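So, here come the structures, one by one.
Next come two complexes built around chain A: one with chain B, the other with chain C.
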Partner chain A sequence: MMKTRLSLLAAAAGLFCAGAVGAIAQEAPPVKGGALNMIAQPEPPMLMVGLNTQGPTLYVGGQIYQSLLTYGTDLKPLPSLAKSWVVSDDGLTYTFTLQDNVKWHDGKPFSADDVVFTADKFLREAHPRWRLIATTYVDSITSPAPNQVVFKLKKPFSAFLHAFELSSFPIIPKHLYDGTDYRTNPANQTPIGTGPFKLKEWKRGSYIHLVRNEDYWKPGKPYLDELYFRIIPDSASRAVAFEKGTVDVLRGGDVEGFEVRRLIKLPEVENTTSGWENYAPLVFMQMNQRSMPFSDKRVRQAIMHAIDREFIVKNVFFGLGKVATGPFASTTLYYTPDVPAYPFDLPKAKKILADAGIKPADYTIRLMPLPYGAAWDRMSEYVKQQIEQLGFKVVIQGVDAGGWSQKLADFDFDLTFNFTYQYGDPALGVARHYLSNNIIKGTPYGNNQNYVNPKVDELFGLAAGAVSKDVAAKAYTEAQKIIVDEVALGWLYEMQNVTINRKKVKNLVRTGIGLNESMDEVWISK
Partner chain B sequence: MNFFKRYARNYGALIGLAILFVVVVLAFAAPLIFPVSPWQSVGDPLLPPSEDPAFPFGTDMLGRDIAAGLAYGARVSLLIGVISTAVAVVIGVSIGALAGFYGGRVDDLLMRFTEFFQTIPAFAMAVVLVAIFNPTIVSITLAIAVVSWPPVARLVRGEFLSLRSREFVQAAVVIGQSGPRIMFTQILPNAISPIIVTASLMVATAILTESSLSFLGLGDRNMMSWGFMIGAARTMLREAWWMSVFPGVAILLTVLAINLIGEGLNDAMNPHLRGRKG
Partner chain C sequence: MPALLTLCRQGKILKTLDFLFQRFVKAILVVLGVVILNFVLIHMAPGDPASVLAGEAGAGDAKFIAQLRAQFGLDQPLYWQLWTYLKGVLTGDLGYSYRNQVPVMTLILDRLPATLLLTGCAFVFSLVLGILLGVIAAYRRGSIADSVVMTSALVFYATPLFWIALMSVLVFSLHLDWLPPFDMESIGANYTGWARVADIAHHLVLPTVTLGLFFTAVYTRLTRASMLEVMALDFVKTARAKGVPKAQIIRRHVLRNAILPVFTFASMQAGQLVGGAVLTETVFAWPGIGRLMFDALLQRDYPVLLGVFLVTAAVVVLVNLITDLLYRFVDPRIEAAS
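Up next is the complex of A and B:
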């Protein structure tokens, strides 16, 4: 049904190449030493990932701090600071066994006390996503042995094992933070973690320099001696820095989409779209359903048919995406493609409106672009012209980033764009947009469009509370069908972030959290 | 020798007039030549110029016709240029005339007010004004007018100061004409030449300011304008030069034409040059 696009082929080829290089890497023994140059864009405000979860903070901080678990590209939980875990049959008790001989960067031993402090005190206060999970589901957090942590839940939560990733659950040193004011603790400036690299120097506006942690708990690792995160504020200069070899790695978003197409063709350069499976950002239109025309689901369906999403991905976002079929990204758990489809079909869109007896000319729609740069502006213009072809009047209302967030959080919009991370399990990153109890002012990332369907609420609740995966899968499948039929949001496409690196950098992207993963297996061939 | 002959002696001014005529015709005829909105995709994206005869100037990244964009952009540029200049001239002439004619405290007060505006960099102030009042065609026009009237005020004040003490003005005072009447019927007609010349150059500046604002993304998002076209296309300069070059040439030609006309008007209206050979 969908056209096969050159860009998708190219992306697939990139994946294949990455896989092939990985295979060779296992044959050739890793080489020790060397410095890896990367870019932190924009410069992070701090490196303390427990207090700030912006992209660049996680990218740099992920080398310093670690979490209990990490997740493969298939989203299966993998050991990090926890070496094994057991879930009781009733789904109420989670027991984690920790790695041995782990030390903080300041030499103090790491133990279960740190994990209990992190979960029960630090993140409960400082981390909104963990706070919600902890208050709703967690009954007690205890450490029966120095290398064991037990979470007892009040009721089963099928997504619980997916809540221990770096951006959701970084382990914080108790001896530095217990009893302090977390936000003003001077330790925030000199981050102490358990990760493979330690902070050596942060020259503001210039670079962040990390060096090898000699006492790292994985023997013989990391391979690299140094990491440099360069700060280069101008996008064109970042592309030039990669071309010149000043940096070896470009993360998704470091350079503009059109530069990506050019840079991946350079010799000795490889690329992959892998490493974002756990985040799986999905771009959607938010249509305010508080009033006409968007309160009528047939209008929303007509608009889905009026927009050529293939065109948007190909011509606006330079092929760096995949058309979304529904609320769940295709790389995440419980995704089903078996939902109503909305192929680009203008005559059908007009017919739906005509059959519904809706006169589009009666409505003026305020379209608020997402102020994240040129490509997003082009998308607004494209969507405007497509909706105008149905007969609606559309006015573009330009806003800055603060204004966008404010208006969306106050429900003062007709139509806008948004994208959010999905965090592996729908209960963590998806359900928030559709649950009617999440229609709350103050955040741009809730159910701001006012979608209400008690059946969907019930299905999401059922799935989140399921002990067995099959029960959850069944409920999620049914929920997806309803949500897509009612066009709760106008899903546009799944973002594909491209990681570009020189071929000499090996083992760079290994898991579903990509470059945020501890780079303890990364090495540079001579 | 009459005005038109004097004007026509300046060949540059004639060329300028010809170019501006084409731009004006294009602006008026835009909806007739391009009945489809310039925002509408009409062809394949990124068609180079003259690859498809239907799109002699090519298409942009969304398949919009560059030629249509140029024609509709001319409307916005001229509209903003003329109206903002008209508003600026009205403000500038009123303030300058009052200050120059009455002098004294009125002059001090009005000139300090004018200097207040003159000390703020004009473009920066236009950016701030547009950002505060949301970018719409009205707010952009007014912002440009607000930043461009002070030179007119200073000019008119100077003219009024010198003309005020002339004998024909004193004669008007003696026969009992009122202040406003003297200002409008005696002094203003004699100061009109430099005002017209300045105003013609201000139109060009206004067009440039509007283009710069649009380039920075502070244009009216519902109006196609040349500055917007360049701003949207600049990231793809390496791949699709035609998207930024044609609107750039359009701005260049229009501003050049208006400057040439301004110079021609200056020559034609300046009594000192009346004897000059072309």
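Up next is the complex of A and C:
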């Protein structure tokens, strides 16, 4: 039972740390009341986070729905709807004890049945990421008591405790969804959660208005009366909205990089890059390895040397990032910087190609930009220019978002850009891009570049199934070295998202999921 | 004699009804053609809403994407999807939004009033101001007023809409703080009655002027050119020789003859106004269908896209129908010829 005690201690320590962080951050006692104005960009299609996990949906929906756990900026699990948890010594049984006196927004009591329904029925059908975990690892989900849920696994899964964040495991009310068509359920339009705020009104194209949940399970919380998420589609207008005081908070991506530099200098404004540790978005090039030239790892290595990634971060993304060293973001568990490096060195890139006997002029590369805006287009143009310096012919093929994911799913590309959320543990957000059993036609977000290395498959499998953290760390370190040496993907940079807010808004970013966290501790000083 | 007059009137009414019926049938056929053409074009584009939706759901395995395709009928042959859609349209059902999970009709009806308000105001603003400035420029041809009006018209004709929009926000909202920069009304103020009308009118100023300026320039130039052409005709000279006051000549004789090309152009502009509203609605966060259409396009939400196209086509056809009727009113010669 050593492990059990340790887990309980960890939970208690987590609670203590969260409290301590809160105490340090607060300059004065919290004040009740007030409205917080934010921006939901783009407008979410719905607020039901079980069916849609886009950023804005999580941002707004995170105030309505909750999960069992949340994660600190150090990625340690923290209590949310689960107040404590115990992991068995063999790593096969996870027992969660739920918070007391939790009610859904419609007044019905929340219980372990809701968690079992969510895990065993709703998310298995509607959530591809949870379905994969449940199918591969979960043997049974039961509720031995109204406030207790037990997950029994078929085999150990070292990342299991990291799979309970809001976007991966939002708890859904059984009494509204059981036995219905989840996608057309009217409750999707009037979301009912357990979170600190309830939906009051959604005027599509204009704003989403949430109000305080008076029956919230944390006594005396939340502090704020209401939240407004405004829909302002134009980036320049969003900057004006902040400058003019119409909104109090700008989330990463709300305004262009060059606006960030200007806005953070405004008086009574503060900013932070914290709050993205759990997602740690990492940008990479996907080189289709099904045919030459990218089937040859020396070409991929040469291209890594031909691209000045510092230049991309500084000049294309206005310094909002950090050059990536490999497949794991530096904040992700098991990250190691001890991998082969690819500094910008054009002569070396040319030499690698010459030594390999490759004639770049023989190849025309179709470069498909990620259609996410001007900065991404500029990056595509820069990469084209650099690859052409090696002698390759490069043709940019522009597509929209639908066309991009279709071509990626059909493996109909030579070179494209993409980014991935890491979800704290490599088994959740990273491995999917390197495992050979994840090369599936028709799937846009897997190993679409066709990277195959049985050793890497074995190491990822070993790490994911490890009960001991040391075993997992060793396997992941070795995997990173191989993957980086073989340039399975062309890692460019770790995205840095800046949250900008007025200083009067307190306790805004507290955990590794940042603004998706329930804002039950946020308050506005008078 | 009265019996003859009654017969003539009845004949006139019958003629008008016949005209209306013919135009109505043609209008329906045009809208139907637009629907079919749009349906085929949208489905020909690469990409699929299911894969976009799968991405939004956090990942996407092939099984999940196939499940979504089956759920939305995207796995059916194209002709069958078209037939199903047309059957729905004929019964007033524009389908269900893949992405928003609500009926398309609900989404469009939510957003259409805002667009109609904005484009209607911009239309009236540009038409009235454009004709007025065009008349002034023609009346005072060669004067400083003419030069100022025509130079301004040229500037606004040539300046991109989004630039005017952003500059007007910076000047009138951020620096002068006279006008609200975005939204259709003050969020959280909960105004009612006339206070709400005044609030909306206040919010309407910048987007209306921005959207209307380009068309004002067009109408100004068109009215001036048309007026000058008519002013050179013999009947105007005759009126002058008879000693009719100049203002009366302009109002009664010149403007009435010169206005027809402006009306023709205005009816053609109705569709462009809705198109232009996409940009204006984006910059001013105006909750209309322009933005709904743009989002649907990016997300491959076929039913929403088709629904918006259908409504837009119907509005354009309706405006053209009204213009045809107005022609007959403004220029009785057209009716006599028909």
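Worth pointing out:
In this text, the second predicted complex is superposed on the first by the 500 of 526 C-alpha atoms of A that agree within 3 Å, B and C clash if a C-alpha of one lies under 4 Å from a C-alpha of the other, contacts with A are read in each partner's own complex, and residues count from 1 in each chain.
By definition in this document, a contact is a pair of C-beta atoms (placed from the backbone, for glycine too) under 8 Å apart; a residue touches a chain by one contact, two chains touch by 3 or more.
No experiment lies behind these values; they were computed from the predicted model shown.
When the shared chain is aligned, no partner comes close enough to touch A:L78: not chain B, not chain C. By the touch criterion defined above, A:E381 lies against chain B but remains apart from chain C after alignment on the C-alpha atoms of chain A. In the overlay built on the shared chain, the residue A:A356 is in contact with neither chain B nor chain C. Set side by side, chain B and chain C differ in how many residues of chain A they touch, and the one touching more is C. Within the superposed three-chain model, A:E256 lies in touch with chain B and out of touch with chain C [touch as defined at top].
Of the two partner chains placed by superposition, only chain B is touched by A:V316; chain C is not. Contacts of A:V211 after superposition on the shared chain: neither chain B nor chain C is touched.
Those residues of chain B that touch chain A in the complex are listed here as 37, 39-41, 45-46, 61-63, 134-135, 217-218, 221-222, 232, 235-236, 238-239. Across the interface of their complex, chain C is touched by residues 35, 42-43, 45-46, 48, 51-54, 57, 126-129, 131-132, 167-168, 183-184, 188-189, 203-207, 209, 226, 228, 230-234, 236-237, 240-241, 243-244, 246, 399-407, 409, 432, 440-446 of chain A. Considering their complex, residues 45-49, 51-52, 54-62, 64-66, 71, 96-97, 99-102, 107, 110-111, 114, 166, 169-170, 173-174, 181-184, 187-188, 281-288, 291-292, 295, 297-300 of chain C touch chain A. Per the touch definition, chain A reaches chain B in the complex via residues 256, 258, 262, 315-316, 369, 374, 377-378, 380-382, 384-385, 388-389, 395-398.
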